[in-house]
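Structure, as C-alpha cells:
Chains here go by letter, A, B, C and D, matching the order in which they are written, and residues are numbered from 1 within each.
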Amino acid sequence: MSDLKKIFEEIGQLVQSIRDGALASYIPELANVNPQQFAMAVVTVDGECVSFGDDQSLFTLQSTSKPFTYGLALEEHGEAFVHSRIGVEPSGEAFNSIIELEKKTHRPFNPMINSGAIAVANMIQDKANIQREQRVLNLFSELAGRKLDYNREVFSSEKKTAHRNRAIAHLLRHFEVIGDDIEESLDLYFKQCSINANVKDLAAMAATLANSGVQPLTQKRIYKEENITRMISLMFTCGMYDSAGTWAYTVGIPAKSGVSGALFGVVPGKMGIACFSPLIDGHGHSLRGVCAIREFAKKMGLNIFK
Amino acid sequence: MSDLKKIFEEIGQLVQSIRDGALASYIPELANVNPQQFAMAVVTVDGECVSFGDDQSLFTLQSTSKPFTYGLALEEHGEAFVHSRIGVEPSGEAFNSIIELEKKTHRPFNPMINSGAIAVANMIQDKANIQREQRVLNLFSELAGRKLDYNREVFSSEKKTAHRNRAIAHLLRHFEVIGDDIEESLDLYFKQCSINANVKDLAAMAATLANSGVQPLTQKRIYKEENITRMISLMFTCGMYDSAGTWAYTVGIPAKSGVSGALFGVVPGKMGIACFSPLIDGHGHSLRGVCAIREFAKKMGLNIFK
Amino acid sequence: MSDLKKIFEEIGQLVQSIRDGALASYIPELANVNPQQFAMAVVTVDGECVSFGDDQSLFTLQSTSKPFTYGLALEEHGEAFVHSRIGVEPSGEAFNSIIELEKKTHRPFNPMINSGAIAVANMIQDKANIQREQRVLNLFSELAGRKLDYNREVFSSEKKTAHRNRAIAHLLRHFEVIGDDIEESLDLYFKQCSINANVKDLAAMAATLANSGVQPLTQKRIYKEENITRMISLMFTCGMYDSAGTWAYTVGIPAKSGVSGALFGVVPGKMGIACFSPLIDGHGHSLRGVCAIREFAKKMGLNIFK
Amino acid sequence: MSDLKKIFEEIGQLVQSIRDGALASYIPELANVNPQQFAMAVVTVDGECVSFGDDQSLFTLQSTSKPFTYGLALEEHGEAFVHSRIGVEPSGEAFNSIIELEKKTHRPFNPMINSGAIAVANMIQDKANIQREQRVLNLFSELAGRKLDYNREVFSSEKKTAHRNRAIAHLLRHFEVIGDDIEESLDLYFKQCSINANVKDLAAMAATLANSGVQPLTQKRIYKEENITRMISLMFTCGMYDSAGTWAYTVGIPAKSGVSGALFGVVPGKMGIACFSPLIDGHGHSLRGVCAIREFAKKMGLNIFK
C-alpha cells in the first residue's frame, strides 16, 4: 500500500499541469468551489483504503450516483421490469444532449444518461414506512460506510434551474415511461445528485461494486452479485457518454463521471478508485480525474482486456 | 357565387368516398365528434360568403390558430424582436416530432410548429387592463366577425394530457427562449387552440389575410399589410409541416391545418377558403379537407405559380 | 426601362460594400476568377433586356442549371415517372450536406439538390439521333436565345474532384434510383453545370419561366405551361437549400443559386432577373447576388405574397 | 474437453427451434447456402480444439475479418497513424446504415463498421515484394493455422453489387481519409470479406486474440500484445454494431459477427469461440449463433464482468 501512496504522489504531480476545463456552470451552486482541488483514493476489496490530496473535501455525487440507484431499482423490481422501460445501448450522445429517446421504443437509451436515471428514480418507491428519499440516502450511506447527507443548497439550486431535466421528465410522462409523480421523481433525482461525499466515500462505493456487492469495510451485502454484473456492464459501455469508446480503448475499466468533478472506476475483484477535481471538459468529465485514473490504470495494469 | 355552390356540391360528392384517417386521439376530448362531418366555406375579399355541408358545426381551431397569434406578436413586438426568438425555416419534421429546435441557435424553427407557437404565446402580454387571454379571444372574435368563445372541455382535456407541449415549454425555458411564466404561456396556447369556430368563421379569418389585414365583413383593419406578407409567407413554407413541399407543389396556396380537422387556405387579393372534416392523416391534416381544397384550387385555378 | 438602369446603378453602389464571402474552392477551376465582379440583368416577358456591370463575363451555370434539366425530364417522361424517383419536399439540409435521401423511400428529397439533379440527369436519354449531352446543350442554347457551349476546363476539373457527387451516384444506384450508367449520368450532370453563360443569358432563361415556357426573345415554346408551374414551385420551396425559408420570407420570389456566384429569380408573368458575383456565403449563394435581388424585389414590389 | 462436447450438443438441440431470420440477400452469392446449417467450435489457448455440427462447411468471413485487418494496420503503421484516420467510438448505427462519418472530424467512427474497414484496407500496402492482397491472405492463413483461399464467386458477386460500399469509398476519398486508390482498396476489402474458412478456422483466429497474439496451434506470434488489447477493446464496444450494448450486457465477451452467419467471441487468456449458421437477424447477426454463444458464455461463466 505504500506503493499506492507513491503512485498517487506522482500522479498528483502530473495533473498539476492540467489547468484547462471549467466549473460546471449550469447548476449555479456548483460554481462556488475551489477549482484547483484534487483528490484521489483507492479502497480495495480487502477493505484497505489509501487516499491523497483534498480527501476531506466534500462534493456532490451528481451523475456518479446513477449506477447505484439503477442497482437499487434492479434489486427492487428485477431486471425484466427495469428494462421494459429503459434500454441498455449507448446513446452516442453528449451528456448534455437535449432529450434523446430510442426512436422505436421511446425509452431512454440506458440508465446512465439523465432520462434513464430519472426513469430509475421514478421506480424507487416508499417501502416499509421509509420514504423513498430516505431509502436512497440510506443506500448511499451504506455504500460509503458512514452516514451521508445531501447538500441542500445544491439541491435547491438544481431544482430551480433544471429546466432541461424537467423537460425530459415531461417527455418521459408523454411516452408513459413514468407516471404522474413527475415532480416527486425529479426531486428524488435531484436529491441523489446532491448527496455530499468525499473521495474516500466514493472509492468505498466503487469498491462495493468491485467486491461483488459486499461493502468491503462493513462486510454488508448491498447488491446481489448478478446485479453487480449488470451495473458495471452498463458503466463500461455507457458510463462515459459519447467518449465511452475512447475511455474503454485507453483505460479499459468500468467508470462513471459527474459534473461536480467526481469520477470513479471499478476493477472487479480488486478495488474501487475515485477522483475529485472540479474542472471539467466538454464531455462533462473531470480533466484531472480522467488523466489520473488513466495513468493509475496504466501503471497498475488494470485494463480488463490486458 | 352560384357557381361556387355547384363546385362545393361536386367536391362534397367527391370526398364522400374518402373514409380513411382517424380522429386525433392525443387530446381525448377531440375523439368525441362525428367523424363523417364535412363542411366547406369561402369568404371573398368583397365580403361574400358561401358555405356547404356541416357549416354550423363547431370545432376547435387547434393549430389553425398559429398564424393569427404569430401576427399578433408581430403587431405587438415587431419583426426583429419576434424573430430574435423564432426562426423562419421549415423544420422538415412531422407535426408530432418530439422537440426540435434549431441546432445552432436553439430557437424554434418557425412559428407554425408547436415550439414556435408556444414561444409566440409567451410574447403576448396583458395590455391596457385587458388580460392576455382576453386579448387573444378578442383577436379571434374580430377575425371571425362575431364573438367566439373557447371550449372549456377541450381546454382542460388538453391541459391535462399535454405532456409533450409541457416538455417543449421547459426546453424553451432552458434555452431562454421564454421566461419563467411557463404555465401561463401554455395556458394561453391551450386556450387559443381550444377556441370554438365554424367553417364560415375560419373562412372569414382566412379572408382577412387575403384582404391584406382588413376583415372583409366588418372592414376593420386587424393586421398591418406588411405583417400579412410575413404570415402567409410562413404559412406557405411551413404551414403544412413535412408535407409543405407536396402541398406547395400540388395546391400552391398558403394554408394551415389543425388536428381537429380544420384547414384553411389564403388566396391573396381574392378569398379565404376553409374546410372542416375530422378524420386526419399521418401528417395531422384533414383527409377530406386536403382533397377538397386541392380540388377547389384546381377547378378555380388558384395556384399562385399558375 | 430607364428606371431599371437607375435601380441597377443604386444596387451596384450598395453591393460594393459587401466584401465577405469566398470563391467556391471545391472545384479548383472555379477559384480562378476575379472575385470583385458584379453583373445584373433583367429580361421581361415582352423581350426587353436591361443589364448592368460585368454583363459580358462568362460564368458556369452550376446549380442554376437544375430547374431547367428537371423541366426537360418532366417534358420527356411526365410528372408521374419523374416523381416516382425524386420527391418534392425541402431537405432542410445545406447545399453541401453529405448524402441525404428520404428515409422511407430512399429517394432524393427534390430535384434542386445534387442527388435529385443527378437522378434527373440519369433520366435524360439520347433522342432522334441526338446524344443526350447535345440535347442538354441545345436546351440551354434555346433558353438563352443563342448558342452556348460548356467550359471544358471546369468540366474536367469537376469530373476529377467530384468525389462526393460520385458517392451520391453510387448510393442512388444502390437504392435503384438510377441504373448502371453511373459515369455517363455524372458526366451529363457535370456538363450541365459547366455550361458557360453571361448574366443576360441567365436572365433570358429565367424570363422563359416567367413567360409560361415561351422564350420571350425568340418566341419559341420550350416547356409546357403546366411544367413551368412545377419548376417554379420547387424553386420556391427548395431552390435556396436550407435558407429557402429565409429567402421566401425576405424576398418572396422563386429563385436558384449556383456556387459559381450565379443567381436568378422568376417573377411569373413579368420578368426574369439574374445576378453574377462570385463570392459566396456558407449556404453557397452569391453574397452580392442575394443582396442585389432582395433589394431589387423590394424596390419593385415583387414579393409574390405582397 | 468432453464437457465441451456435451455442452455443444445441448446448445445444438436448443438452437434447432430457432427458425427465424433470413439469408443475407444483398450479396447474391451468399443466398446460395443451406440455411439450416449450424456449427460451433472452441480453440483454447493451450491449442485444444473441439467442434460440433457442420464444422467442415466453408463460409466467407465477411465482417468477422475486420478486427484482424485492423490489427494488421496497427502492426504496420502504429496506433497514432491508424487513429488519425479512424475513431474509436461506437456509431450507434445499424450494420447497414448508409454512410455515417463522425460529424466534426469526417472520419469513420471505428474500424468495425464498413467505412472504417475500407479505410483500414486502404492502409495495407505491398511489402517486400508481396502484394497487399497476398499479405492479407497470408495473415488469415497464419491466423487459421492452415492455408486459406478466397471465394472467387462471392468476391466477384460482391464487387459487382457493392454500390453502397463504393459510395462509402468515394466519400472517404472526398474527406481525404483515403487516397486515389479507391478501387484497389475496395478490391482488398472485398477479398478479405470473401476468404473461405470453417468454424474451426474462425475459432483458431479468435484463440489467437485470446492468447495475446500468439496462434495457439502453431505458436507463431502474429500481433503484439498491446495491439491485441486494442483489437478486443473495439470488438467489445463496437463489434456488434447497434446491439453492442445488449451483447455486452447479456453476454459480456468481445465478439464480431458477419452477414454470412459467422460469429466469434474472445475470452482473454482462455479461448476463442466461433459459430456459423447462415440465418441472420435485422442487426446482421446469425440468430442461432447469437443464441449459441450467449448460452455457452452463460454455462461456462465467461462474462468478463462476472
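Worth a mention:
One rule holds for everything that comes next: a residue touches a chain if its C-beta (ideal position, glycine included) is under 8 Å from a C-beta of that chain, and two chains touch if they have at least 3 such contacts.
All values reported here derive from a predicted model rather than from experimental measurement.
Listing every chain that touches subunit B and subunit D alike gives A, C.
Distance from the centre of subunit A peaks at C, each centre being the average of the chain's Cα atoms. Centres computed as Cα averages put subunit A at a distance of 47 Å from subunit B. Taking each chain's centre as the mean of its C-alpha atoms, subunit A lies 34 Å from subunit D. We define each chain's centre as the mean of its Cα atoms; on that basis subunit A and subunit C are separated by 55 Å.
Under the contact definition stated at the top, not a single residue of subunit A touches 2 or more other chains. This structure has the following touching chain pairs: A-B, A-D, B-C, C-D. Here subunit A touches subunit B in the complex through residues 98-99, 101, 163-164, 166-171, 173-174, going by the rule given at the top. Contact residues of subunit A toward subunit D in the complex are 87-92, 110, 228-230, 232-234, 236-238, 242-246, 248-249, 252, 254, 268, 303-306.
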